[in-house]
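Shared chain: chain A. Partners: chain B in the first complex, chain C in the second.
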Partner chain A sequence: MKFRTFASFVGPSVFLMLLFIAFPLVSVFTQSFQLTQPVMTTVEVETCTPGFLTQTCTTETKTVPKLTATGGVETTTTWVGFRSYQNVLQMDKVWSAVGAGRLGDILQIDFWKALRFTLTFTLITLPLVLIVGMGIALAVNNAAASLKGQIIFISLLPFIITPVIGALSIRWLFIGDGILTVALENLLERDIAMFAQGWTIEILMLFYRVWHVAPFAFVIFYAGLQTVNQDTLESAIIDGASRWERLRFVVIPHLMPLIIFISLIHLMDSYRVFEEIVGFTSQAHVISLQWLTYDFLQPDDSGNRAIGRASASAMLTMIGIVILLVPLLRRTWRDHRGSN
Partner chain B sequence: MMMTRLVAAGAISLLGTGAFAECAFENTVPLKSLSAGFEAWKSVTDAMAECGNFTAELDQEFRTKQPAAFEANPSLYQIGGVSNGTFTPLLNAGTIRPLDDLVEKYGGGLAPNQLIRVDGKIMAIAMMVNTQHLMYREDVLADLGIETPTTYDAVLAAAEKIKEAGVVEYPVGATMKSGWNIAQDFNNMFLGYGGTFVNADNTPAVNTEAGLQALETMKALTVYMDPEYLVSDSTYVQQQFQQGKIAMANLWSSRAGAMDDPAESTVVGKVKMGMAPLAVDGGTPATTLWWDGMVIAKNITDEEAEAAFQLIMEGMDEDMVTAANDQAIWLIGGYVPGDVAQGVVATATHDPAPLAYPSTTQMGLMHTALGNELPAFFTGERDAAATLEAVEAAYTTAAKEAGIL
Partner chain C sequence: MATPRALQQSLPLKMASAGFLIFWCLLAAFPIFWIAVMSFKTPVDAFAANPLSVIFGPETRARGSGLSILDIVFGLTVLIVAGRMAFRRLPGWVARFTPPHLLVLGWLIGALAFAIVFLVVFFGILPPVMGVLNAILGPLGNPVIGLTTEHYVAVWGENAFYRNFLNSLMVTAGVVTVSLTVGTLAGYGLARSGAGIAFWILIIALIFRALPHSVLVAGYLPVFINSAEILRPILGENAPTLYGQPLAVIAVLVSINQPFTIWMLRSFFQNIPTDLDEAARVDGCTHFQAFRWVIMPVMWPGVITTGLFSFLLAYNDFLVTSLLLDAQNQTMVPAIASYFNRETTTTDQVEAVAAAVSITAPLFLLVMVFQRQIVSGLTAGAVKG
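Right, the complex of A and B next:
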């Protein structure tokens, strides 16, 4: 292909990727080393509030931001090096916890608490999604032709639901005296509060994510199953291979690239777990890295946003994803080189 | 209540003069407001809507939306509903306008204590006061021969008796949802024990005896609560009362009216209001005083501001108060304190009186730090001292970033 043709095809996509991915990334990277803060002044202010029945006026010194002539808040931006990262990671506390031999204390720091959950969540849902997805695909593949359409439609439903809505509906089934909690209470004849402790909420979240994402794996695997070489399967049957052996030695090796593809996508997606935290209002017990970034970005009760810490936490999240993906990417790279 | 309002609405539409029947002027400028979502706001914004061209957004997430929405130019909302907590970010960012000339022109009917002045300028118009105080099931307490508790020791003793009797599912309810609510619950208790949040040099001061006692009392109360208390906000507690699941709670007076709403409540007439309990004898009631009111955005035209102010006056008139007398402790003329106001009256007139929630930047930062760090104490991950230490650390980090330390 001529370079001009190639460039005119690829150009728009490269431009959009620069605009929407590369530049924001550079900007976040820069901001993680900066601190923008309002210029504060101390003023003596008389404030009058209703009190009760009569007005009460108090004069006090207040620290308030300086306003510019145009009405905005005057801010200054300074380079602070790794201070935002330090504020997120709190390594001094980590080392002192390690030094004192109380490793559990590390999990009281927001970032490490979030990392613990994010990793558990990612690594537990991955095999479950693969197994459940493969299970449904095999079941549909072996189902009678007249039922296939209906089964596919029903299996895809969870994937169609908006994530937050799905999380909320599961929450409402279980929270307080939700119908499923009451049903469980009747079944087990004991009082159950699903939202009173962390581990039950985590189980609900894992269940929800597997339920939501398994159809994606199913669709991909089902497509892959259609391309399995029938001759190889038949010769395996003639050789006396059982159903399990055929799956183990013929089907799975054939689907391996797809398994890696789904794993890559799932790792990237679930490391950014967020909807579950919001949907299940689990902040008191369980938080994730993506939620932590969001929380830094939310204005606090004095109107400040911790942009520096949010940027640092976003960069750390990205680094985490890259580390998780390395083994899989290396494998794909090896296969790629091998096939050439 | 609902029924009379429906009938009234129906009657107005039958008059044929349309939506402007009860309004002194016809509003021609399109206006929008953003405020909290409890009953009183509904009544006021409904009264404002009668003038036409007005849409009200009642949203419990207004706290996070408001600063950004008012910073836009032009502002996304002309009118904002605020309290002394949510007032701070708007005031700090300079996104609301002084109302002195508008008050002079249209505000003849306002009582002097409705004018919220900052540095001599009127920045907001207050409509009601609000406070968290004791709500209790009078029938349950009377049956068990318990006197209305006025201290937290008495509350705990009463809770134990109610638990033993097993008449309700959980003796106590509390607004302890992680985040803003649990922090406010702590604030109440902390002030009740005589604490101060920050030192004169803006360094934190919650890791003190008062802080430890506050956490201890809160923890003692949780024994008598629904174990899912870390997700329970004001609406959740209100519903627990309405469904007869709890017998006592330190709840917002703005929720009192809902207890007697026959459409929602199964305990009409049984919930009474008392003074916010004392944490220590001779101290202040463990609560804070709040006001709710309205502000007008800076980034709008003067014409819009003028229309907005007239609309506010229309919403805060006597007709509205007469129709919604028991929904709040109104500061507006024509308000007759009824039964549901007794708790607020007892709380506010107690000697020494509780403090008003401080509208300061430091308090805003402290509130957020408390909301993020306190849950770990209640889930058992941290002990009280370590939790308060974490609160102070979180406050210090945020205060340094905000430039006040």
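Right, the complex of A and C next:
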């Protein structure tokens, strides 16, 4: 295919990706070094209240945003260097916490709290999703052929459901005296409030994510299991391999590319954990990196959005995912180069 | 073929495997089933501690709305008959009454007509008939399960959820059409080109796929809010403010989805043998003609599958739509956030449940109809990588 033809096929897609992915990245990068603020002016305001004989008047000076000719708020943009990063990272507090030997204090700072949760969430769900997905795939492979369709249908439901609603549906089972909370209370014979402290919410979030993603891993593993070489399996049996050894030395090596693929996708997706925070309304206890940026972008009470800080936290989030993915990307790269 | 003895499984292993599977199916379906049950009860029943009172809804029944055994039997019969007709008869009717090249349109009209007939029968004819029958038959006609649709009426009527529904419909339809059009071309180009740049585009797309969406939205938001001023020198006085525009959201979602779409479509196109377009080229077609007349007729399975995933992305999105759309143009998923943010009364909560079930119902139908395509889409990405 000539380059010209290739370019006209790929052109629209590349254009969209440049305009809406690459360009925003550049602008986020520049914004993270800028601060945009409304221009404030001080005006003298005289307020009068009706009184007997004479009005009571008071004069006070107020700071109000300056308006432009069209009625919008006038803003200035200044270069502030790394100040937004500093505001997000709060390194001075981190160093003083390290100096005082109280490492727990670092987790009081929003960014580090979010980082801690995002990383533990990503790294704990990854093996769980792989194991549960593999378990379901092996069990379905065992099941009667007539039932497989129905089982796959039911399994797809958690995967396809809107993430916010999936999280909500689990929350509603536990909220207040929800049926599962009561069941747990009867089991453990103690009072339980699932949403009063961070770690119980985190467990629910982990559970939700595994519930949501395991079907994806299951479907892929199940497809992979159909292509396992039967001859290799039979020779393994002749060599006296037990069921577990066959799984460990024949099936799992065969599925290795799929395991890498699922890990790659899962790392990308769970690193941007966000819907759980919204669904479980957990921002008072648990927050994630993506939620932090979202929160900066939401208008505050006076309608301002902290764009600078949002950009800084977005850049930091991005650096994190790049570091996390480098080993897997290098592997994909090598495979791809090899196959071409 | 009988399984060889060595491959046969011991009884405990079979039991464990079956048990695990049953447990998983319960786990997978339960939360969704449960919110569906909750949405039909009064608040007291819906959030009751005892599961039985959530299912049977004594409070709801006491308020005079409930189903008798007769209702349940007849309702289920109508549902089953309708389901069977949809899957057994409908394809035949559609095939008979539509010319082959308008099959998509025929399916749309057929499905719509079927849905309307079903709604009229189920909600229009059945309730009055059952009212008469219940009155005649005495004990069989007494309500046993409390059930009320008042929350759905409140959500769709008073709270004007249909507006959010229309917005969702518009955004998802736009995203699916545009991203398939753009993505198919790119996917074909990438699958048929061995050039180094194709490889680089794919790797960069993979990196873009990993970006958290909030990073990108942080880039759009200031531009979109001030777009009227930025675009004024180019477009003059009618420069639009992109913030709050569903069309802008469509463009954003299409682009965010592009990396995934081109990877998936590329793997589908790689499965179509190159001999096909080479034969067409030998016959004197250009690349575009070969694509239009030879590849397009055989590419539909891949396109439908990719379309489903684009649909899911647009339909399920919370972050982009909640940040880039204002309250008037809100789609369904961010709109539901307003229910649980206010959290004033338990009635609000049950209305939120009803809204959540309303959002989930189309997805449920989607899996029912397109299960095979979804599975093939999930595996296509993995096997080709």
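The rule is simple: the second predicted complex is superposed on the first by the 314 of 340 C-alpha atoms of A that agree within 3 Å, B and C clash if a C-alpha of one lies under 4 Å from a C-alpha of the other, contacts with A are read in each partner's own complex, and residues count from 1 in each chain.
Note that in this section contacts are C-beta pairs under 8 Å (C-beta built on N, C-alpha and C of every residue); 3 or more make two chains touch, one makes a residue touch a chain.
Please read these numbers as outputs of a predicted model, since none were measured by experiment.
Enquirer: Identify the partner contact of A:257: answer first if only chain B is touched, second if only chain C is, both if each is, neither if none is.
Expert: The answer is second: A:257 touches chain C but not chain B.
Enquirer: Applying the document's definition of touch, where does A:125 land relative to chain B and chain C: first, second, both, or neither?
Expert: neither
Enquirer: Is A:281 touching anything from chain B or chain C once the two structures are fitted on A? First, second, both or neither.
Expert: both
Enquirer: Touching A:175 in the superposition: chain B (first), chain C (second), both, neither?
Expert: both
Enquirer: Is A:47 touching anything from chain B or chain C once the two structures are fitted on A? First, second, both or neither.
Expert: So A:47 only meets chain B here.
Enquirer: Comparing chain C with chain B, which touches more residues belonging to chain A?
Expert: The partner making contact with more of chain A's residues is C.
Enquirer: So, does A:28 touch the first partner chain B, the second partner chain C, both, or neither?
Expert: second
Enquirer: Tell me which partner A:270 touches in the superposition: chain B (first), chain C (second), both or neither.
Expert: A:270 contacts neither chain B nor chain C.
Enquirer: Need the overlap of the two footprints on chain A, from chain B and from chain C, as residue ranges.
Expert: 175-176, 281, 298
Enquirer: Which of the residues in chain A come into contact with chain C in the complex?
Expert: 1, 3, 5-6, 9-10, 12-14, 16-17, 19-28, 31, 36, 135-136, 138-140, 142-143, 149, 151-158, 160-166, 168-170, 172-173, 175-179, 182, 211, 215-216, 219-220, 223-224, 233-234, 237, 243, 257-258, 261-262, 268, 271-272, 274-275, 278, 281, 289-290, 293-294, 296-298, 305, 307, 310-311, 314-315, 317-318, 321-322, 325, 329, 332-333, 335-337, 340
Enquirer: For chain A, which residues count as touching chain B in their complex?
Expert: 35, 37-40, 43, 45-57, 62-65, 67, 71-73, 87, 107-108, 110, 175-176, 193-198, 281, 283-285, 295, 298-304, 306, 308-309
Enquirer: Help me check something: in the complex, which residues belonging to chain B touch chain A?
Expert: Touching chain A from chain B are residues 63-64, 67-68, 84-86, 88-95, 112-120, 126, 129, 177-180, 182, 202, 226-228, 230-231, 236, 289, 291, 298-299, 331, 344-345, 348-349, 353, 356, 359-365, 367-368, 372, 375-376, 378-379, 381-382, 386, 390, 397-398, 401-404.
Enquirer: Mind pulling up the chain C residues that touch chain A in the complex?
Expert: For this pair, the touching residues of chain C are 4, 6-7, 9, 13-14, 17-18, 20-21, 24-25, 27-29, 31-32, 34-35, 38, 47-51, 54, 182-183, 185-186, 188-190, 192-195, 197-199, 201-203, 205-223, 251-252, 254-256, 258-259, 262, 286-288, 291, 312, 315-316, 318-319, 323, 333, 336-337, 340, 349, 352-353, 356, 359-360, 363-364, 366-368, 371, 374-375, 378-379, 381-383, 385.
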